[in-house]
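One structure is given below, encoded as structure tokens.
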């Protein structure tokens, strides 16, 4: 039997800033350097950047698409999974991950962060991104905020 | 052909406060009074309260469960759908809704709110609940905050 | 607590013969007469016929659609669930059912019959429809073949 | 942009005969030799055999599991996707495939074959396996029956 692969999801908006692109690319690159499979939503923006970064380091990348076909798939994906599940695919991404790193914010990204926190078994880290406060205005606990890719990857605790 | 039913999702934590229970019950009751089908996650807490309220007004209630069987289904459900999809069922709830009303907050609830905002085509209203801020600390736009059930139901715009 | 509703799925092709329409309509009518909720795929053909029959007897009907919106929903549905799951919704139909009755055959219908047999916990009955043989040409066991609606509904064993 | 990978699903029962194991292993080996990604259900039997064969030829293998965690994942998987979708994951396997090859028969396998035929856009090939007849006893058209792995892989038409 071979070892179970370490898999990390990199989530973020399909339309992102240049800084977010750079963060996602570097995050993908670092993860692949550690031998981790990079899982993402398979579209553009942060997803494409993470895949490009991982591919640049020789890593395996997986894109889990909402559509039932591959038309919208970004480049740099070793495996393309057109789930046909729509945004229900966000939970498939989350279940595949030993850790979730979000770069930047959007409603779709937030749904993935929330589903990962709901799952409750893997580290959830974000670089930038949106913030969640409870009714009393306090940050909802548990998400690690990282200043950049190196800190985010370290915060997963997967690569000691 | 018969008219398409109006369907409203009431989302919220499986473990809730008494005030949240009361809000969810009254929300369900009001919705059923307007002839709307109440869709919920089919478990306890806010979900059970919304179903109980709707049932008390003679309404049709639908519980969309994460599990593949009905063991965990709450009472007061006209229809029980054990999807076997886990938390991916949250997006099925959202797609079924002409409006989403969240009562109280939890990570699961937030994932439903975020998926509804991601969908972008129906009103999303919350009573209490968590708040989302963008990176600059400003509220992420689009969610209507209501003081109570009557205001929440009115804010859906479905019952003029 | 109210009693758990009995739910029966009626499956079959979206394009069907007149005889299949009649069989599905009568099956829906009989099921509603027993107080069962009729679950179907929510589109035309056998699905619409089953809903129409159940509605004619005052029953509750649920259409579980592949699309993410209600555009293609047939009439006579008390509840419309546009899952956005594509054909993965077939397993949601199966999980919702205390028994599955297939009327007529198609690949989609066969997938539902096979998923129901894979689930292995509820009766699977067909009127007409396709037949499955193992590699030795023997019928794959377990599906009950019924001559018509009354026999099919009786074969579910749900209404003694 | 890199080329889109060719992906072939190998489906079959979790409990299989020795001959089925050999066929699945050889099918996986041949597919990987052509540079195709082998997608499977990620469990034992035919699924594990296909992954083992592909891995023996240096190929990339993907296991798409019904459960939400990796506990039941077979060995020899480059990527493990615990979907948490139950048997609804069968449609994710089908959507991921440029061709589907079934080895042996079971209800789960048949559901995948039927979903692939329902999709209607990719070749569906089987080695052994069950047979489907319409109401008049004629084979339901469209599935290619192959005598063995080499013929099955050739029948996909993907490797001219």
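By written order: A, B, C and D. Residues from 1 in each chain.
Just so it is clear, a residue touches a chain if its C-beta (ideal position, glycine included) is under 8 Å from a C-beta of that chain, and two chains touch if they have at least 3 such contacts.
Just so it is clear, the structure is predicted and the values come from calculations on it, not from any experiment.
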Q: Kindly list the shared contact partners of chain C and chain D, in label order.
A: A, B
Q) How many angstrom between the C-alpha centroids of chain B and chain A? A) 28
Q: Take the average of all CA coordinates in chain A, do the same for chain C, and state the distance between these two points in whole angstrom.
A: 39
(Q) Among all residues of chain B, which ones touch two or more of the remaining chains? (A) 68, 84-88, 91-92, 95
Q | Overall pattern in which the protein chains touch one another (line/ring/star/complete/other) | A | complete
**Q.** Of chain D, residues touching chain C in the complex
**A.** 85-92, 94-95, 105-108, 110-111, 114-115, 117-120, 128-135, 137, 140
**Q.** chain B residues within the chain D interface of the complex
**A.** 68, 84-88
Q. Touching chain C in the complex: which residues of chain B?
A. 1-2, 4-5, 7, 37, 39, 55, 60, 62, 64, 68-70, 73, 75-85, 91-92, 95-96
